[in-house]
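Quick heads-up: structures coming right below.
First chain A sits with chain B, and in the next complex the same chain sits with chain C.
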Partner chain A sequence: MSSTLLTSKHVTYIQSLDIKRDRLDYHLTSHLRLSGIYWGLTSLHLLNHPTALPRSETIAFVKSCYHPSSGGLGASPGHDPHLLYTLSGIQILATIDALDEIDGGKVVEYVSKLQNPDGSFSGDEWGEVDSRFVYCALSTLSLLGRLGDAPGVSVEGAVGFVLRCLNADGGFGMAPAAESHAGQIFTCVGTLKIAGVFEKSLSEDQVNLLGDWLCERQLPNGGLNGRPEKLEDVCYSWWVLSSMAMIGRLHWIDREKLVEFILSCQDEENGGIADRKGDVADVFHTVFGLAGLSLLGYEGLSEVDPVYCMPREVTNRIVWNRRKTPTS
Partner chain B sequence: MASHGISRSEYAAQSRDEHRREKELKKIEEYNQLAGAVQEQRLARRYTLDALEGTTRLLRLNPEYYTIWNYRREILQQTLLVKFPSPEIALSSNSASTRTHLGVDEVDQDPEEVGRSLRAAYDSKATLHLKEELTFLLPLLSSFPKCYWIWNHRRWTLQRATEILPDDKADIFWQEELGLVGLMLRRDVRNFHGWMYRRSVISSIESPRRENVSNDGAENSSPRNTSLVEQEFAYTTKMVQGIGGMSNYSAWHNRSKLIPRLLSERKCGRQERMDFLEDELELLKRNISTNPHDQSLWFYHYWLIYSNTITPDRDAPDAISPFMSRGTKLLMLAAEIDTLQDLLEAHAECKYILKALVEYVGLLQRVRKDPKDPEDDEEDEEWAEDDEKKKREDMRAWLARLISIDSMRKGRYQEILRGLEY
Partner chain C sequence: MNQPPPDSYASDPTWADLLPLPQDDGQHPLAQIAYTEEYTEAMSYLRAIMAKNEHSPRVLQVTAHIIEMNPAHYTIWLYRAKTLLALSAAGEVQLGCELEFLNDLALRHQKNYQIWNHRQTVVEAIAAAAPAEQEQLVREEKGFMNSMFERDEKNYHVWSYRQWLVRRFKAWDGELSFVAALLERDVRNNSAWNHRFFVVFGGMDAQRGPEEGEREEEGEVVEREVRFIEDAVFIAPQNASSWNYLRGVLKKAHRPLSSVESMCLVYAPLDEPDKITSSHALDLLADIYTEKTEEHGKAVKALELLAAKFDPIRANYWNYRVGLIKAAA
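Moving on to the complex of A and B:
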């Protein structure tokens, strides 16, 4: 079991992802390819290897997922547009400073059309509603610098919807009345942060309650789970930890034990991080493991922005520095 | 790309096994062939039963392929689950094919009679196809209970029933669906997709549905409003009383969401609300004393105590008994604290008891100082001061114990401790 971060192995692992075409999983996961590239790219930036993926090919792939008729992006060429992949595409372009490669106005149009009268957003034209999609919408708009003036978008309505997802245990669910879940807490707190209304939306009691719920997610082995009475999983090193960072309660858990847990989930032979020790690594758990380590101040990693899950240097450049009053 | 719980050694063994590798390569070829063929048909805008069959095969191999679910819905909307043509069109001469399709050929009959039999034939065919679709989804849901897209498609299929069938026939689908969710939740009592889906089925049954549906010739569109809150509340009671049920955080959560509506629909007065709160506290007391290490119970207990003692700045739709005087609140808190202190004697190392004590004593002090509660009594104040000092000492001791037995969260406890100094 490794007690240090295997940086060069992880870089090689991510670079090799696109050539594993002789494995069935590669083909079965084309429905999330664009997100996969965002996870890989973000991992490489956090590992301080920002140019390890070929820039022009990355841009070309993002553009091949773009639907000029609607303005949305799908997961792979030929896949339907969806807010999940629209955000991934914009995150990729923002990270490599290539937002001008795409018609941002058209993307804004796509996002705007998906807002419902109750403030929520549907994931696509088929109408599934989830607090995750509010986050996708607001994150996309803000990365495009269009949060304040997206035609037809009510940020206030979006915030209202998210606050209706707040529960008595301090957490947030996927819709009003739905049980609290760490992933949903990240998206809801993130939405409030992006909208710049977090501080005035929750009372101190509510923040403490949320912080308490979040810190109780740490299990004796150091790992974090996503809901009470569930197993630990590396991805919650992001969903739980980013939320704790956003509400200023990172010090409520045991840093060393969590670092140790994440490191123990590395594949020492081939690189990459798995959900749990001894399992197959994948790029999803790799990025969330690395981002978690970054929040914990692990040496040698670039700083991650807990609101956007992107390199801090990028979000400072295109979001925070452009705001008159920084909110995060 | 996002795998959960697949063992690395198992996976590596697969990669080394030549025979299995060969099989995998063959599978890849077959899968890509099928996926390519289905995508090609989509691009050619083919909405046929043959194309539907392609999506069936592909989705069984890969239910996460969301684009194919979209395609499947497009096909269904134009083939098996097409809307009933409005009566005028159905009866006009160019609808002969529709009639033949529905198996109605009596051209010389009274137009109204023909209209009715066309509709009846349509309804029974549509019912059959809806059932087939739901049957296709059932094994997929059992194998992939966490796949969002399958749950979405199931919800869409039921909504389609509402759109294309008369109310009474669509209702049967929704009612039967409750049975299925019950089954899914028995298999995995914490599946949040299952709980989410249950709430959405319930709200569909409860709310008047016809208003959003375009006029498709369905008669009997009077809106109804049938509340199922009593039934759902009873369901959570059953869930938390089942084997291991008290650990069912999801059920306790749902209960906390149902109660405010339950009490308002029961039109409960002050006394009834107070009684209700006491009953819930009693239920919790019994459960906690047998299982003090259960987080689910403590979450619910804290909700009961907090929401009924602290007057929030905004409206408090949560409180079960929002009209309690300061004295009553203090009595309730003192009684709970006493019970917990007794419990602590038997379970000295139980962090949840210690945490609750710290919280509830904190609440006690806040209620006492709350200027919004108009009940001042000199004698009470003097007693309070003495008591306060003692309680602060207790809190320090409990926090010190928490720091040592739950050291992972010591940052939290130290912060509360520092807050006590001032």
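Moving on to the complex of A and C:
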């Protein structure tokens, strides 16, 4: 079991993902391809290998997922536009400083049409509602520098919906009254942070209760779960930790044990990180393991922004430095 | 309703009018995809049919075939739903059959959420077409969810769907006994505790006007819930879910935490640390004693026991709370 980060193996692993195109599982994941590229790209930036994916091909792929008629992006060419992949596409372009490659105004138009009267956002034209999509919408708009002036978008309404997802146990769920879940907490707290209203939305007691719920996710083996009485999983190193960082309670975690847990989930032969020790690695768990380590200040990794899950350097450039008063 | 897929679309006369459309990824090496033959062929015929915007029974055939191979492909679901609604409006399909198709898929693909989103669309359409049969529909939906819960009692998609169904059709009856039965089976099922909160308070607040009668007094409900929690804690003292639920109930009822001090002391007798059986009881006691300055010593003692012995992985958190108390002194 490795006790250090296998940087070069992870870089090779991510670069190799694109080569396995002759395999069925590559195809069967086409419905999340654009997010896969975002996960890989972000991993490489955190590993300080920002140019390990070819830039022009990355841009070309993002553009091939773009639907000029609606302004949204799908997961792969020929897939319908969806907020999840619209955000991934914008995150990729923002990270490689190529936002001018697509029509941002049109993307804003797509996002704004998905807001519902109750403030929530649907993921696509079909109307599936989830607090995740509120985050996708606001994150996309803010990365495009259009949060304050997106026609027809009510940021206040979005915030109101997210606050209705707050539960008595201190956490947030997918919809009002839905069970608290670490992934949903990340998106709800992230929404409040992006909107710049976190501090005035939750009282000190509410923040402490949320922090209590979050740090209760750490299990004796050091790993974190996403809900009470569930198994640990590396991806919660991100959903839980980023939320704790956003609310200023990161120090409630046992850092050493969590670092040890994440490192133990690395594939020592081929690189990549798995959900837990001994399982098969994938790019999703790789980025969230690395981002978690970055939040924990692990040596040799670039700093990640807990609100956007992107390199801090990038979000400083396009979001925070443009705001008069930093909110994170 | 779903015709079985042909051995080959190319050699099947019902598909002969279509020119299959291969995947067009442009010339970007990042995205060239080599599919297996079966998948490739089905997809290329679906693309051809989508290009014509055709909503016919054979769309159901090819989408079922693709979904069988890849149920997470959301675009396929979207096109299938549009087709179903069009065919149903024209009286060409019975939407009830779609639910059978979905049942089988959901049981085999527990983690898939597209199935549940699609199900919501179908159930809405069925209910709209036959309002008189809604009760029966809801009963059958609840019955199917039981089969899902038998496999995974914490499936987030199924729980979300259940809450939607209950709200949408005001189907609160029977929910409390349903959730009690689940908790009897596994008292640590946090999803079930969450649903209990939804049923007890959501149902009471939002759905039942006093004119519908039988509305219990809120005080009685709270008493009943506290008794329920006492039983659950007796079975599993070290169960975060029941203690979290207790806090939620007290808060909702505007009752002080101190009203459950004696119950906490059963599981966390501060003077006899060897007999402590619940870190959650200790945690709650610490909160109760933090509220009164003269009892701060006991609060610190509870927190120190947590940090040192009963929940050391969260020592930083417990020490932070000790710090808050000392700072207030």
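As a convention for this text, the second predicted complex is superposed on the first by the 327 of 328 C-alpha atoms of A that agree within 3 Å, B and C clash if a C-alpha of one lies under 4 Å from a C-alpha of the other, contacts with A are read in each partner's own complex, and residues count from 1 in each chain.
Heads up, the rule we're going with is that a contact is a pair of C-beta atoms (placed from the backbone, for glycine too) under 8 Å apart; a residue touches a chain by one contact, two chains touch by 3 or more.
Remember, predicted model here, so these are calculated numbers, not experimental data.
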**Request:** Could you classify chain B and chain C on chain A, in the superposed arrangement, as clash or fit?
**Result:** clash
**Request:** Using the touch definition from the top, say if A:Ala177 reaches chain B (first), chain C (second), both or neither.
**Result:** both
**Message:** Is A:Lys230 touching anything from chain B or chain C once the two structures are fitted on A? First, second, both or neither.
**Reply:** both
**Request:** In the overlay, answer first, second, both or neither for which of chain B and chain C A:Asp18 touches.
**Result:** second
**Request:** Quick one: classify A:Glu57 as touching chain B (first), chain C (second), both or neither.
**Result:** second
**chain B versus chain C as contact partner of A:Asp267, first or second or both or neither** = first
**Request:** Go through the superposed model and pick first if A:Arg164 touches only chain B, second if only chain C, both, or neither.
**Result:** neither
**Prompt:** Is A:Asp282 touching the first partner chain B, the second partner chain C, both, or neither of them?
**Reply:** first
**Message:** So in the superposed three-chain picture, is A:His82 touching just chain B, just chain C, both, or none of them (first/second/both/neither)?
**Reply:** both
**Message:** Contacts for A:Ile37 in the overlay, against chain B (first) and chain C (second): which applies, first, second, both or neither?
**Reply:** second
**Request:** Please pick the stretch of chain B from 37-45, 91-99, 109-117 or 217-225 that overlaps chain C when the two structures are superposed.
**Result:** 37-45
**Prompt:** Which chain A residues come up in both lists, the one for chain B and the one for chain C?
**Reply:** 22-24, 26-28, 30-33, 74-75, 78-80, 82, 124, 126, 128, 167-169, 173-175, 177-181, 211-212, 215-216, 218, 220, 222, 227-230, 249, 251-254, 257
**Request:** In the complex, go through chain A and note every residue touching chain B.
**Result:** 17, 22-33, 36, 74-75, 78-80, 82, 124, 126, 128, 167-169, 173-175, 177-181, 203, 205, 211-212, 215-216, 218, 220, 222, 227-230, 233, 249, 251-254, 257, 267, 274-276, 278-285
**Asked** Quick one: in the complex, what on chain C touches chain A?
**Response** 23-26, 28-36, 39, 47, 69-70, 72-75, 78, 81, 117, 121, 154, 156, 159-160, 163-164, 188-191, 194-195, 197-198, 202, 239-241, 244-245, 247-249, 251-252, 313-317, 320
**Request:** Quick one: which bits of chain B touch chain A in the complex? Just the residue numbers, please.
**Result:** 1-9, 11, 24-25, 27-28, 31-32, 35, 39, 43, 61-62, 64-67, 70, 73, 148, 152, 156, 190, 192, 195-196, 199, 247, 249-250, 253-254, 256-257, 295-296, 299, 302-303, 306-307, 310, 312-313, 318, 407-409, 411-412, 415
**Request:** Would you pull the chain A residues touching chain C in the complex into a rising list?
**Result:** 18, 21-24, 26-28, 30-33, 37, 54, 57-58, 60-61, 64, 74-80, 82, 124-126, 128, 167-169, 173-175, 177-181, 211-213, 215-216, 218-220, 222, 227-230, 249, 251-254, 257
